[in-house]
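Here's the structure we're looking at; comments come further down.
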Amino acid sequence: MTTLFDPSRIPTLQQQERIRPWNKRTKKFDVTVALAVIVPLLIVVAMFQFSDIPDALVMVIYLPLQLIASGIAASLTKGKRGIGDSIIIVNAIGASIFSFVVIISVIWSLLSHGLKALSIPFLTQNSTYISPSTPLEYGGIAHAALGTLLIVAISALIAVPIGIATAIYITEVRGKAVPYVRFFVQSMSGVPSVVAGLFILTTLILTGAINTSAFAGGLAYAILMLPTVARTAEEVLRLVPDDLRTGALALGSTRARTVFQVVLPAAKTGIVTAIILGVARVIGETAPLLMTAGKNDATVTNPFSDPISTLPVSIFENVAQPYPDAVTRAWGSALILMVLVAILFTTARLIGRNKVK
Amino acid sequence: MATPDLQQRDLQAAATSHRGDRVFNRAITVAAFVSLIILAGIAVFLGAQALPVFQELGFSFLTTTAWDLTTDPVSVGIFGMLYGSILLSVVALVIAVPASLLLSIFIVFLAPKKLASVLTNSIDLMAAIPSVILGLWAFYVLNPQADEWQRLLNEYLGWIPFFENASGNFLGTPFIAGFVLAIMVIPITTSVTREVLGRTPPDLINAAEALGCSLWTMLRYVALPYGRGGIVGGVMLGLGRALGETIAVFFVLKLVYDTNWYHVIESGGGSVATLIVSRFGEASGPFEVQLLLAAGFFLFLMTLIVNMIANLIVSRTGRLKK
Amino acid sequence: MSTAEFEKSVVALENEFAKAAEIRPIELETRDVSVWFNTRKVLEGVNMQFEKNTVTALIGPSGCGKSTFIRTLNRLHELLPGAALAGEVLYEGKDIYGPTVDPVHIRLNIGMVFQKPNPFPSMTIRGNVLSGLKLSGMKRSNHDELVEQTLTSAGLWNEVKDRLDHAAGELSGGQQQRLVIARALAVNPHVLLMDEPCSALDPASTLKIEETIRELSKDITIVIVTHNMQQAVRVADNTAFFLAAEGEPGHVVEQGKTTDIFGNPQDQRTLDYVNGRFG
């Protein structure tokens, strides 16, 4: 997963705003463009309404139709050169609409299916004595939500200090191995989640060192969280002005005190962002938990003793069940998981925005 | 005059001559190498599991396509799965790469500032959707839609070998799985290409204006050649993600122990990651777990190599820009 | 001994004392200091002596290595990538680049104020003044007294005494600069290096800081880099003129009493520079 939090791109966009020679417009342009949008739309609507052509096919037909219309409009206003531009513009708008459609569809389906599951028992009970065929009024996913939080907390306790230390190595200690460390962190961010699960399974669980438990799940999550925390923390530490470091050293500070009492406090909000993004990166991962944390219908609070259920695993368990209530439970769990992710990302965004100002 | 004198003093050694700081430096350095230790650990421990499998089955583990432990000797090989992972990734990239490029072009060069930031945020939101939720959505919402599209593809373009479908079953196809992967790849690739295109030097854009002030010429002769390295790197990062994705593919792909070479809208395909998850729950014993660990080792190797190449390309182009 | 004779001998003694006072002990000294960044030599053969409790101004056009030089005096130079150095810097007679010397100890005794005010944004005004103690692990009792005393020395006490617990970022640029001076004083340094401390400030703040410098020089040795020649005349006992020819490393053209450098320079280039003909 690449960096989602990137303050540097804000000036880049503003900078690009001014240099867009191809955006110059003429009056004729507006009328022709309006026609080029309206005519194909009308044709498509007419096909929806009055022909037997299947809806999906109509949607497929729309794109070449729009391309032709825009191409004609472009060649009328800008000559031959405009045709190439119009193809790009139509496709670019199409790609943007496509991504909006996907996101809205995901969110809409989460809300429309997931809200049906929400109830007080669903949010507060566990799934003891609940089978897929049990009606929705009984049982809940509180145990899974608790499991997710427990595992995420364990992984954060492990990955956050190491991730921040890695960032400190890169930006503060500036040792000889910086390029290598960055390279390994980047490579690590590409480790498939299922491999992280297998690694913990083979080194610690199959050898009998630890049980299938929240702790094992936390270790697997930590592997996935570490690179995100390290890379984001590196970026925010880079934003701390060198003045402060030199200022502290000039006061007779050691490097260690400079880092802990000046640099990290100055980057406090950014560090919080790094932690949040790390948590958001792992919170929905399923495959590693199947191998390390397992599942459990009862509520588990001991992180070392027993298998434990989590939101992703409870979604996984309920998908494709032949019972509608089980599927609704899956949607309900997914909705809660998505709300958790959304809260984390919004918080990270708000913190990040304040800092950029 | 610029030749360093003999009496030049060793400042680097002097810089760390405070004792407390030497301890601090060492502790931080050790922590910084945890990522290397974990990578090496994964390679060693999963490799150690792969080794006996190799000794028993030889290269046939990589070259055959079968998963039957009831026969004697067992007939097991992950070729179809490795190939399937690649096929799914190719489908994903065929959809995701043009989409990401177009999205980046729209954000960087075309959209008004407000719309650009809305789009940027929603693509980041797309990256934030957990794969298990995407899989759930794909299973219940995308599947019926995709079924219809694929039927159309087969009806009108069925003469192209890729779009043949003999079974009449259009669910669980590499196309659907690749489409879901594309949705995961798009945010990753877009965030890289967007940044690369955004760094096109303004004076080069102005120079392109002299060539006829069309977006097409500017992209063709300036932005795309200039950002080529970064774009390739972004695509490779997306590929790494597609190869390793597990759960979403598990939901929508019908896993078959057979090699689906190129029939992308024919039901059934393979994926190493999905094989691991789907067999893990019902593994028949320690040997099958070991087989899955060996499969995981090769999945790790494959994604690690792809990611390393991607990061080398991205970091190299990044350095050139500075 | 008659009264007249006694008075005469007293005057003679006083003169001798005055003479003795003129020859102050050397606190800081550089011997043949040359500085590189990677293979580029930026300073060559600088020999200077800084007498105890005096103000020395380093003047010269931009890029002549003044700031680089001042950073070698408390081992901040070595923090920059590619930094190299030859020669010796003696503090109280001992080489500060010696193998057993702890740079932390050196920086504690030789403080520094930078061009741009750099108070720590995460701390209050009071916290900034005391930050040196915290960062260097020094123990001092009676913090309140120390805060008042150093802020008074830096000429800031009256302006901030009612808002010591406010964020340091609230202060104006001039106030921030005096705050970092107070911060540097709180660790009780013997030498204070100032790298163009007034270049980012308005004339009123500059005057205040110059007053502060004069006041401080009663107790500590000050080395100040400045672009402003009037400032050198106003605050400095001694002045050194740095110059770098095109593509050559910088060196000291002339050094001596400020009154001599500005009133009766020996080198034509110094004369040209102090009369504003270049730089």
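Read from first to last, the chains carry the letters A, B and C; within each, the first residue is number 1.
To be clear about the criterion, a residue touches a chain if its C-beta (ideal position, glycine included) is under 8 Å from a C-beta of that chain, and two chains touch if they have at least 3 such contacts.
For each chain, UniProt lists the protein as follows: A, B, C = Unannotated protein.
Being a predicted model, the structure only gives us computed values, none of them experimental.
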item: Which of A-C and B-C has more C-beta pairs touching across its chains; value: A-C
item: Farthest chain (mean CA position) relative to chain B; value: C
item: Distance between the centres, which are taken as Cα means, of chain B and chain A, whole angstrom; value: 15
item: Chain A-chain C separation of Cα centroids, rounded to whole Å; value: 52
item: Distance from the mean Cα position of chain C to that of chain B, given in whole angstrom; value: 57
item: Multi-chain contact sites of chain A, meaning residues that touch two or more partners; value: 254
item: Residues of chain B touching at least two other chains; value: 18, 21
item: Interface hub residues of chain C, defined as touching at least two other chains; value: 79, 104
item: Residues of chain C defined as touching chain A within the complex; value: 74, 76, 79, 104-105, 107-109, 111-112, 114, 116, 118, 120-123, 131-132, 134-138, 180, 183-184, 187
item: Chain C partner contacts - residues on chain B that touch it in the complex; value: 1-5, 7-9, 11-12, 14-15, 17-19, 21
item: Partner chain A, residues of chain B touching it in the complex; value: 18, 20-21, 23-25, 27-29, 31-36, 38-39, 41-42, 45-46, 49, 98-99, 102-103, 105-111, 113, 116-117, 119-137, 139-141, 145, 148-149, 152, 183, 186, 188, 191-192, 194-195, 198-199, 202, 205-206, 208-209, 212-219, 234, 237, 240-241, 243-247, 251, 273, 276-277, 280-281, 289, 292-293, 296, 299-300, 303-304, 306-308, 310-312, 315
item: List of chain C residues in touch with chain B within their complex; value: 34, 36, 39-41, 44, 75, 77-79, 83-87, 97, 99-104, 248-249
item: Contacting residues of chain A [partner chain B, same complex]; value: 1-4, 6, 9, 12-24, 54, 56-57, 60, 78, 81-82, 84-85, 87-89, 91-96, 98-100, 102-103, 105-106, 109-110, 113, 161-162, 165-166, 168-170, 172-173, 175, 177, 180-196, 198-199, 201-203, 206, 223, 226-227, 230, 254-256, 259, 280, 283-287, 290-291, 312, 315-316, 319-320, 327, 330-331, 334, 337-338, 341-342, 345, 349
